[in-house]
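To keep things simple, chains are lettered A, B and C as they appear, and every chain counts its residues starting from 1.
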Amino acid sequence: MPLPPPREVAITVTGVNHHYGRGEARKQALFDNHLAIHRGEIVIMTGPSGSGKTTLLTLIGTLRGVQEGSIRIDQTELAGLAPPDQVRMRRNIGFIFQQHNLLDAISARQNVRLALELSAAPRREHNQRADAILGTLGLADRVHYKPRNLSGGQRQRVAIARALVNQPRIILADEPTAALDKDSGAIVVSLLRRLADEQGSSVMIVTHDNRILNVADRIVNMVDGRIVSDIRVKETMVICAILKRCEIFKEMSPSDLTDVAQKMREERFANGATIIRQGDIGDKFYVIAQGRVHIQVESATGTRAVASLAEGGFFGEVALLRDQPRNATAQADGEVLAYTLSKADFLAAVRAHRSFEAQLSAQLFHRGG
Amino acid sequence: MWFLRQFLLAWRMLSDRPARLTLSFVGVAFAVVIMFAELGFLNGVTDSSINLAVRLGSDLVVVHPQQEHLKSGVEFPLFHLQQVRDVPGVAAARPLYTSGNYWANPQDGSRNRVLVIGVDLDDPMLRIPELATLREELRAPDTVLFDRRARLELGVVQPGTRSRVAGHPVRVAGLFSLGPNFAYEGHVLMSSRNFLRLPNQRAEDVDLGMVRLQPGADPETVRRRIQERVGARLEVLTAAEVALRERTITTRKAPVGIVFGLGLLVGFAIGTVVCYQILFNEVNDHLPQFAMLKALGHPPRFLIVLVLFDALILSLGGFLAGWLVGRGLYAFLERQTALEMDLSTPRALLVLALTSGMCLLAGWLALKRVAASDPADLF
Amino acid sequence: MRTPIAWFNSIDQPRRTATAVGGMCFALLLIFMQAGFLGAARVNVSIIYQALDFDLLIHSRAYLTLQRSDPFDRLRLAQAAAVPGVARVSRFLIDSFGWRNPRTGSTAGGMMLGVASTAPVFLDPAINAQLATVRPTLTALIDRKSRPSYGPWEVGGKAVANGQPITLTGSYELGLGLISEGSIIVSDDTYERLQGPWNSGYAQLGLIKLAPGADRERVAAELRARLPRDVVVVTKPEIIQREQHYFLSVKPVGIMFQVGMIVAFAAGAAILYQILSSEMSNRIAEFATLKALGYPITSIYGIGIQQGLIYALLAYLPALGLAAVLYRVGRDLSGFPLHLDAGRAAFVLALALAMCAFAAFLSLWKIRRADPASLF
């Protein structure tokens, strides 16, 4: 399985708190949220009603001012953004609302054109582009209908066409498929997928619709104003596939494996970079996903190469398990992509999964410390 | 108490958006004010035009046939009145003299037009009580009764004030109430003896012959007899006919009456259209709720009553506000013009009827939409 | 081209728009009516002064309005003529008279204007040229714009004025409208015959023409200083302004027309505001959507203002047409000189736009409140 290429972060949410109301009625809706969404990534957000999903969405969409913390879209900080800049910012964002929010008095095409008219698209292309996207959504014969003469699902598709017609770099959707049947839901989702893959758009969808979970790159779960889990669906799958080929994980059950994989972070190293240095305090456990790593031990007698680990190899566990400084130096041999587990996660995993511990001991024994 | 429940429901639906409801009230209120204003203008003109005619206390009035109205100044010779006196059934026939003349403002000397009336003090046949209470004072030379409702331009006048009528010095013995009209800014009353002392007034030229019948005499018979006696040289009218004649001449012939008549029509058109528009929108915007009520299984009657309550609430609320403003407007106009602006109950009721009638009609038209509203539209 | 949202919003529900516009249209029509009458009356009350050629005017101290002017001693005219700067003083007589058409026997009221048959006191040269024809006593010029109640007459024909037969030697166009049913012009001799010989010692007005180069204010001051206190000297603009003021502010009709206009304006503005603001609140979610799409607030305000303008113009055009019809009706019914001139049309249009500005201004805060965050 190929590795996803390295991706830039499109949206960074750092330490965001949000309060509603004033004085007595002041109530906190978001608590210290952190989130990073990459280009071309589809993030699905779930969570119980009232947990703050919509609030976070409106903050990212510059529909509300950021109160505490920071939200960056590309290089722009949203906190403290002046209203005219907010307005300009919104033009890069496609909104899909739970209610369609179309203008009643104008036709489907004109509604879509409303978004186009704000873009740099040449005027003579407006109708053509509006019709094209409506056609993609199966509304080719409805371009001249007014919203009130469309079905609920059709209206929603017009609204989606309006959100997508400018191929915005960020798409924010709140329950976009609630009003759609399976097929039109699938059309919408695949359109979003295509925008994400081809344009590198970042898509954030709040939904309870299980049918669309499979397009998600990540699933973020929110409870009581906090992001409680952030599952990188696709990445986890890739990591699992790699881990499965590792000696030490081989005995692990798939669910245990997923558990570990979810906690792993991707790290990249250039050729010759020192990954860990002998004598440092150990804080991470490494699994090599790609490339080779040289392990050397330095002693009074000089530097001694101990091993050269390839894809599927791991290192850095001894310092964590024994709570000792690093006993060797690891250096990248060519480009290296590694997955890392923090000390705490590593120890927790060791404790939680007997088979993992057994494998580790065997390996340790095998390596001879 | 099923209708009370609906009334409360209608009220709750309306008051759900208080700002919107206020706005609707304001709209209806303005329509009501416009109707009141135009009605008041027309009535101010016509009411004031008959202010003298309605005080005529005689059974019959004889005038020159070419006298189109009381201010035209067409007179007839006194001896015709003596002929009338001889007609069987006539108890008394007295001359009434009038003259459009100038009253000098006692403060600044400026002149304004007043109608000067000379009456027979012993039997004035005018429904003006001060003529009886101040009879003896009025017998003194050059004493007059002054119109306390006359326009302010005529100056501040009290009993004892001295001024001039047609350049002739007079003393005000007392005040009476009549008010101005479109031709004159006020009235001045005096004995016919004093009247004839004014310049250019001759006892032979009578403006109005006031005729009282003997008790039990039939007015129609006597009228015919008088007509036979004097022929076409006089016209015999009842007091009511005189008033009607005055009113007709102002509403039909005078430009002003026609203008305000047209104004009244346009005003009522505005009122009705606005009421319609407001109620129609009110119902239209609540259509989803009506559809929902239908979906819940309420019978059509329930919805009809609901809409009619809507109409009633809007028209009553708007009317009340408009009526208050209308009263203020009338008071203002009364102060500015000194014309009597009478917001009488029948007139208020007419406007109320128009307002609620229009609201109900609009409600009824809107109901058709409610009837057509499909509960399925909700989804 | 940008999608004209305001226009589509306005025509989206034609019936609703029609009723909305209907109310406003009638309000504008009412303004047209009141303004029409007020304007016509304003011109009308001073029409005789407008037709006369003079710089300064002498009238009696007891003068109220032209129709209620008081005669003063003729001697004052001679005294005025002696003041330096005065080129000419003309005696002007005016009073109401009774007209009778001998052919039909119909009677009517009217104004009789008396001037010396040698004095060219009218601005219209056609009238001045005909003055010579009324030199013989009991001859008169007649106003072609006299009401139909004057019956059929012809130049050279006979008529009866104040009970005496007169010969019509010419005609002119004046049209007294509100003031009177018609008018005739006679020589001062004829006037004294018809209105009573006592007039011979009096004048009703003295029309003064200044010598070329004379300063009007200076001559007026000189006249005021020299003439006895029983007469007053005023300039032409002053007298015209006073006549208008008397009608507009003292007579009940003028006051009512003005109040009627204010009420109609207020009602029109209230109606438009009512329409516009209910339209705005119905579309609040749509405005929020536009905000979310990234439309700047100014262009969203623009939609509200445009919609107000559309309503105002949609109401104005039929009101203009209806006013033309009603003016006609009013003119036929009352003989009142009602005309739909460009000035009046522009005046009412300006009022309509003012209503629109007022209503739009008040309803825009609704747009400002539209919160895109509430859309989700």
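Everything below uses one rule, namely that a contact is a pair of C-beta atoms (placed from the backbone, for glycine too) under 8 Å apart; a residue touches a chain by one contact, two chains touch by 3 or more.
A quick note: this is a predicted structure, and the numbers were derived from the prediction, not measured.
A.B. asks: Just tell me the minimum hop count from chain A to chain B, counting one hop per pair of touching chains.
C.D. replies: Tracing touching chains, the least step count from chain A to chain B comes to 2.
A.B. asks: Skim through the chains and flag the pair connected by the most C-beta pairs in contact.
C.D. replies: Top-ranked chain pair by contacting C-beta pairs: B-C.
A.B. asks: Going by C-alpha centres, which chain is most central here?
C.D. replies: So the chain sitting closest to the middle is C.
A.B. asks: Taking mean CA positions as centres, which chain lies farthest from chain C?
C.D. replies: It is A whose centre lies farthest from that of chain C.
A.B. asks: Determine the centre-to-centre distance between chain A and chain B, using the mean Cα coordinates as centres, and give it in whole Å.
C.D. replies: That gives a centre separation of 81 Å.
A.B. asks: Nearest whole angstrom, what separates the Cα centre of chain A from the Cα centre of chain C?
C.D. replies: From the centre of chain A to the centre of chain C is 77 Å.
A.B. asks: Using mean C-alpha positions as chain centres, tell me how far chain B is from chain C in Å, no decimals.
C.D. replies: That gives a centre separation of 27 Å.
A.B. asks: Note which residues of chain A are touching chain C in the complex, please.
C.D. replies: 54, 57-58, 61, 63-64, 83-84, 87-91, 93, 95, 97-99, 101-106, 110, 113-115, 117-118, 123, 146, 162, 174
A.B. asks: Show which residues of chain B lie in contact with chain C when the two form their complex.
C.D. replies: 17, 19-20, 23-24, 26-27, 30-31, 33-34, 37-38, 41, 44-45, 48, 66, 102, 110-113, 151, 153, 180, 182, 254-256, 258-260, 262-263, 266-267, 269-270, 273-274, 276-278, 280-281, 284-285, 329, 332-333, 336-339
A.B. asks: In their shared complex, at which residues does chain C touch chain B?
C.D. replies: Spelled out, the residues of chain C in touch with chain B are 15-16, 19-20, 22-23, 26-27, 29-30, 33-34, 37, 62, 64, 68, 70, 107, 177-178, 250-253, 255-257, 259-260, 263-264, 266-267, 270-271, 273-275, 277-278, 281-282, 326, 329-330, 333-336.
A.B. asks: Provide the residue numbers of chain C that touch chain A in the complex, in ascending order.
C.D. replies: Against chain A, the touching part of chain C is residues 1-3, 5, 8-9, 11-12, 283, 285-286, 288-297, 371-373, 375-376.
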